[in-house]
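Below, each structure is written out as structure tokens.
Two complexes, one shared chain (chain A), two partners (chain B, chain C).
Showing the complex of A and B:
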């Protein structure tokens, strides 16, 4: 059916049915002529108002599918295309799950307003004070180059009128869309109507979501558009990084990987020789925040191997396994401290020693880091 | 005196000019800590540790500063003060870098971190 709508054919619409041009082979033509001569060109007993074959000027059209049946069953007929149209529609009104959900994501708020200010220097004054949420967002807006698209989206997001209009239409039980025009028309015109009809259907089906989105956006109506743009950017990109502190969204909804970069640092071995370690990200996940790990492929006396996502070998930390802001800060700090300050050259603690010991045990070598 | 030597001398004069010292004690890996500003003549003769102790013994702190001090104290229970990756010793000027305020005034800055060492040793599958 989609191929017919995408074609360059002319279709005929009558009594909510789509009629397609009848193929003109001589036997069909003869049959059609006899039908019209008898005066009953395929009368339908179930639906006497619609004919099986109709004649328009010199052309014949044969009845195929009911427009509204196609509309109602399209989700089952072509799920892939339906979902594409649905996604386009939700995106048009910024109704995607991420866009509104991000404003009620408590984990994200915890990261932005409690954890980020701990790790990122946000004022040059000597006075120390806790920043208000607005000030944190102002600071982020200054430090991150949010593409213009998100600023435009933010303005559209704060314009509540289109959603109000949809809801009013749904509540007044007005037909979601006028029926397609009757008569001969190009397939492209019917296709355009069909796409609009699908979108109207999606909005009717997503009535609860529209209502909820409107509630969320009404609460945000006093926010600065540049602050809304930050959230929309995060909803889309899933991550930001400022001064070595960052986070990225995980596969699970509302769960994040929070990290802090160590920067380059130096450790010394038993003989006082220095080893320059490269920068790495020490991270914890809000899903299982109890153990910090190194994101990159990395080697260190406190890491078992030379690979990515290795847990740091640490002394037990007395914090509950709850992803509170203070627990996450504490665990991240312990992880960084372990890498930067944990190795004792005399005790050679950890899995590996920086220098080769007398008893040779094949282990990770750090010679390439020696300076 | 060659032109190069003359320029070098001017540079030395600039470096030796008396400028204030800003000392900051930061708990763990936080971004900000407790700050104290020492005017020229009030820090040169004292050790860095002594200057740090002066900050840690301050009493007229705001609520935010008190919270930072608590954090520093927690780190110092078994922890140490580090500056630029090594335990502090000597004078502040040995660790200082010259910085400028937004108004263009020069000052020496010394960031000191209070770190409670994490020695490692326990892994969920028991490596040790």
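Showing the complex of A and C:
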């Protein structure tokens, strides 16, 4: 059906039905002629108001599908295209799940207002006193170059009038959209009507979301547009990083991977030789904040192999398995401390030794890090 | 007993698969759509009947028919249908269902005039141009024979 709407055909609309140009071969033509000669061109007993075949300026059109059936069932007929139209519509009114959901995402707030200030506090702009939420957002706005698009989106986001209008229309039970014009028309015209009708249907189906979005935005009406832009940026990009501290959204909703970069650091082996280790990200997930791990493909005496996402070998941390801000801060700090200061050259603790020994079978070598 | 056998044989015959025969409408309709033929082609077709073959074709290589995959059933739009039916009514001979291209449609009527009994295998195998040349050479040979015999 989509191909027909995208075509350059001329369609006929009558009694809420789409009529397509009748394709012919000699037997169909004969049948059509006999129908018109008998004077009842395919009257349908179930729907006597509509004919099966109609004639318009020597051309014949055959009844195919009811416009409103197509509209109602389009989600099942072509789920992919329906979802695209739906997303376009929701994006137009900034009603996407991420855009509104992010303002009520408690985990994100925890990261932004409690964990981030802890790790970037050494900066001269951030003193040791506890910062207000507004100050943190101002700081982020200073440090991250938010594209202009998000500032424009933020202004549109705070404009509540379009949503008020939609809601008023839905509550007054006005018809969602007037029916398509009857008669001969190009497929492009019917397609344009159809897309509008789908959007109107989406908004009607999403009445709850529109209401909720309106509530959220009313609460945000006093916020600065720059701050809204930060949230919209995070909702879209899923991650930010400031001074080696950052987070990125995981596949699960409202779950994040929080990390801190170690920077380059030096460890010494039994003979006092130095090894320069490259920067890596020590991370913890808010989904299961039990142990810290290294995101990159990395090797270290406290990592079992040379691969990505390895847990750091360290003593058990006595924290509750809850993603509270203090737990996450502690786990990250313990992980970084273990990598930077945990290795004891004399005891050669961990999975591997920096210098070669004859007791163990060496699996990971660190020679290339030696300076 | 005879009646029973008769019924059984009849039913067996009915169950037999009937091969789909070539149909002039399907073939021409497909050529019309595939080559985008329109009124201009109909004009050429009119002209072809009168003067296209006045000049002799020069002897050429034997042309085999190009292999085409025309559909078994063809449905045409209003315009295509009217062009198809016009071509069928203008040409109106049994060779048309073997035409594979507009060129062959043009040659179809002339070929039929030259020899209305070309075997079907040849029509399916050779391009109509080759068949026309062949038939014309036969006619020329007959004429020459007549001239030689006359005096």
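By our rule, the second predicted complex is superposed on the first by the 345 of 371 C-alpha atoms of A that agree within 3 Å, B and C clash if a C-alpha of one lies under 4 Å from a C-alpha of the other, contacts with A are read in each partner's own complex, and residues count from 1 in each chain.
Operating definition for what follows: a contact is a pair of C-beta atoms (placed from the backbone, for glycine too) under 8 Å apart; a residue touches a chain by one contact, two chains touch by 3 or more.
Keep in mind the model is a prediction, meaning the values are calculated, not measured.
Asker: In the superposed arrangement, does A:59 touch chain B (first), chain C (second), both or neither?
Answerer: A:59 contacts chain C only, not chain B.
Asker: For A:104, select first, second, both or neither according to whether it touches chain B, chain C, the two together, or no partner.
Answerer: A:104 sits against neither chain B nor chain C.
Asker: Would you mind checking which one, chain B or chain C, touches more residues on chain A?
Answerer: Between chain B and chain C, the winner on chain A residue contacts is B.
Asker: Output check: A:23 vs chain B and chain C. Expected answer is one of first, second, both, neither. What do you get?
Answerer: A:23 contacts chain C only, not chain B.
Asker: Based on the superposed arrangement, let me know which partner A:304 touches: chain B (first), chain C (second), both, or neither?
Answerer: After superposing on A, A:304 lies in contact with chain B but is clear of chain C.
Asker: Answer with first, second, both or neither: which of chain B and chain C does A:312 touch in the superposed model?
Answerer: Once the two structures are laid over each other on A, A:312 reaches chain B alone.
Asker: Mind sorting out which residues of chain A both chain B and chain C touch, each in its own complex?
Answerer: None.
Asker: What part of chain C is in contact with chain A in the complex they form?
Answerer: 25-26, 29, 73-78, 81, 85
Asker: Which residues of chain A touch chain C in their complex?
Answerer: 21-26, 28-29, 58-60
Asker: Show which residues of chain A lie in contact with chain B when the two form their complex.
Answerer: Spelled out, the residues of chain A in touch with chain B are 117-124, 126-130, 243, 260, 265-266, 291, 301-302, 304, 311-316, 332-338, 340-344, 349-351.
Asker: Show which residues of chain B lie in contact with chain A when the two form their complex.
Answerer: 22, 28-32, 34-35, 37, 62, 64-65, 68, 82, 85, 101-102, 115-124, 127-128
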